[in-house]
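A quick write-up on the structure given underneath.
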Amino acid sequence: MIFITRRERFNAAHRLFRIEYSDEQNLQVFGKCSNPLWHGHNYELFVTVKGEVNPETGFLVDLKVLSALINDRIIEKLDHRNINLEVDFMAGRLASTENISIGIWNELEEEVRKLGAELHCVKLYETENNYVEYYGNAQR
Amino acid sequence: MIFITRRERFNAAHRLFRIEYSDEQNLQVFGKCSNPLWHGHNYELFVTVKGEVNPETGFLVDLKVLSALINDRIIEKLDHRNINLEVDFMAGRLASTENISIGIWNELEEEVRKLGAELHCVKLYETENNYVEYYGNAQR
Amino acid sequence: MIFITRRERFNAAHRLFRIEYSDEQNLQVFGKCSNPLWHGHNYELFVTVKGEVNPETGFLVDLKVLSALINDRIIEKLDHRNINLEVDFMAGRLASTENISIGIWNELEEEVRKLGAELHCVKLYETENNYVEYYGNAQR
Amino acid sequence: MIFITRRERFNAAHRLFRIEYSDEQNLQVFGKCSNPLWHGHNYELFVTVKGEVNPETGFLVDLKVLSALINDRIIEKLDHRNINLEVDFMAGRLASTENISIGIWNELEEEVRKLGAELHCVKLYETENNYVEYYGNAQR
Amino acid sequence: MIFITRRERFNAAHRLFRIEYSDEQNLQVFGKCSNPLWHGHNYELFVTVKGEVNPETGFLVDLKVLSALINDRIIEKLDHRNINLEVDFMAGRLASTENISIGIWNELEEEVRKLGAELHCVKLYETENNYVEYYGNAQR
Amino acid sequence: MIFITRRERFNAAHRLFRIEYSDEQNLQVFGKCSNPLWHGHNYELFVTVKGEVNPETGFLVDLKVLSALINDRIIEKLDHRNINLEVDFMAGRLASTENISIGIWNELEEEVRKLGAELHCVKLYETENNYVEYYGNAQR
């Protein structure tokens, strides 16, 4: 069993809020992240997959294929987008780093399996000071 | 003559567009940066000031004072904001990294002088792959 | 179950030594880290907590609250301090990165629980080339 | 149980190919990494060991000793070398990041045990966008 | 006058040697960098151009165009290549970071002018510890 | 004319204070940096030298020689030391980043000339958020 990680990046706008809250309530709960006129981030995404090394290639997965998959399914949807308004898998969900990470996991889990590997971890940096890791339903 | 640099950061939304262009024209000129629903960045700002070392303190300027100045005049206005809609010194200007850098310079130049130093450079990273440097009207 | 990590930093002086050793013995065991006149580091601290996402906020914990907790309990005590002489939770303990990490864990474990999460990992960089991870008594 | 990690670096040339493949086949499977005239990388290696803190020293292991071990057994063999042609523990193996990581693990596992610790993880960056982690035969 | 910088990366093999030297002489002058079986690096390239901001676009140059230029003229020729054997503009030149930087400058200088800007600096990292800056014939 | 930069690092303790000030005055002027029990940093030093490329070697200077010079003259004196108490070239001087940079310049200027190059810049990071650049008496 070996683990390989690919880093990709996307730049997106979002805000944290609940539609049923007043602006004041949103400010109280979500602070400046609730700004109704949006703010944004350079997100850094690390996707880790696991499995056995293919003795023919020396690879767990072909990183070009893994990178293309992440770009097709995730980066295309998020990069230079408004996460609250434009991303299908985030519709109706709070655009927190936690929820984006879970959303990315759900988009990738089956697709990684088709590559002959298993998704192990989605790690998402919102800033240099904060990141979320999600390992699916499995206990780490 | 010595140079000291302070790094500060802000997370903001913006878009690149001209109001007199159609969406199509904006897309052609500004690419995905013209997304009408915004995108955003973790901007990294490096402010360099120059002058003589104060023999009493060993400092060119007190970095706490310089940092407070940058925060009061720049970060407060830009962090978790929409650069196109909410930043006074960017009103009516294209929200490019070039123009944001020039705007920051104009906000800081006089204030730095009051600290007994001279503003030397505003360096602004939009992503890990792009940054702008502005040295005012002086030739570098 | 999801994991969120907050980075904080502190700059501190320390030395590695045993009071019952001679200077020569300390030098032999601890090398230049035993310098009786101290040296210091820019420590980088990563605190990882785990738990369930709150569906109301989309958060595991409010990062402002987590950051404030780490600052109140850890950074205030360590930043611009002498770890051997001034830090209550390090009194009588060798100021190694291993022991500082364990000390930080012990300071935070109960406090994180009060936030509705569980402390998962304390990761502490002493230099860009060395870091320690401590997961409490649990096996990783 | 505590974990300590040491970073070391090496700069090496390699190529990915199978000798029984034609150049065309190698290009198809391994892409530009199959260039018969080689290419190279600045590899970054993170070696994590685990065990108990020695109460006499406050250390899990002496990092100078761990660093010397990694340099003697790994860096000396790989740095400024051709991984395909000059590295004993890679002879006859595809020079993928996966296989280099496993090779490094096998070189270090017994040696780390002699230091009174246990090898936990070999993490190897090939570029800023890709890294492999190997934890031996144990499940993570 | 404003300055904008674009970062690009390439992974390449090279060696430092003079063909008229013996292996021993090469080793004496160039150290382990003279390894006849090659070694390699992840090079990081920063290209800085200068000029006036276009009031229509807010840009000095369109970064997509600048990036495409650097990729077409430089990265395509260097990435996953052997610098000594495969790079036209390095033919017959010692493959030092100094000479690669000058070679890149010569490839780009005229092309940047066609974009309506002026090449200001080529900065090339060979490792995290070493980089070269070249400003053309102009004094900095 | 070309510029080459070498990065070196040192970990040291220091404090900012004037002996003729009371502790209260020192606290007022220097803040927590005046802690009488010291604090410390991981300093990052970038030394830039300039000159012509030697056509025989393709080098401006041999980086191994430059690195050895910086280590002999600077790192040996500063690393794991107390800057206020143990560094000859800082005796009687406030241990600010500005003054350390000037001190390093003075130590290196003549020695770099003996290598056939000219010292261009001493750049010293105290933290990830602050650095000083000194170019000697010459205007930048």
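A few remarks follow.
Note that the chains take the letters A, B, C, D, E and F in the order they are written out, and that residue 1 is the start of every chain.
Everything below uses one rule, namely that a contact is a pair of C-beta atoms (placed from the backbone, for glycine too) under 8 Å apart; a residue touches a chain by one contact, two chains touch by 3 or more.
Note that the structure is a prediction, hence the values are computed from the model and not measured.
Looking at chain C and chain D, the chains that touch each of them are A. Taking the mean of C-alpha positions as each chain's centre, the chain lying farthest from the centre of chain C is E. Chain centres were defined as the mean of their Cα atoms; on that basis the chain farthest from chain B turns out to be D. Each chain gets one centre point, the mean of its Cα atoms, and the points for chain D and chain F are 34 Å apart. In whole angstrom, the spacing between the mean C-alpha positions of chain A and chain B is 29.
Mean C-alpha position of chain A lies 42 Å from that of chain F.
Contact with two or more other chains is made by residues 128 of chain B.
Every pair of chains in contact is given here: A-B, A-C, A-D, B-E, B-F, C-D, C-F, D-E, E-F.
Interface of chain E with chain B (complex): residues 1-8, 48, 53, 56-60, 63-64, 67. On the chain C side of its complex with chain D, the touching residues are 16, 18, 29-31, 93-99, 101-102, 128-135, 139-140. Here chain A touches chain B in the complex through residues 9, 11-14, 32-33, 35, 37-42, 79-82, 85-86, 127-128, going by the rule given at the top.
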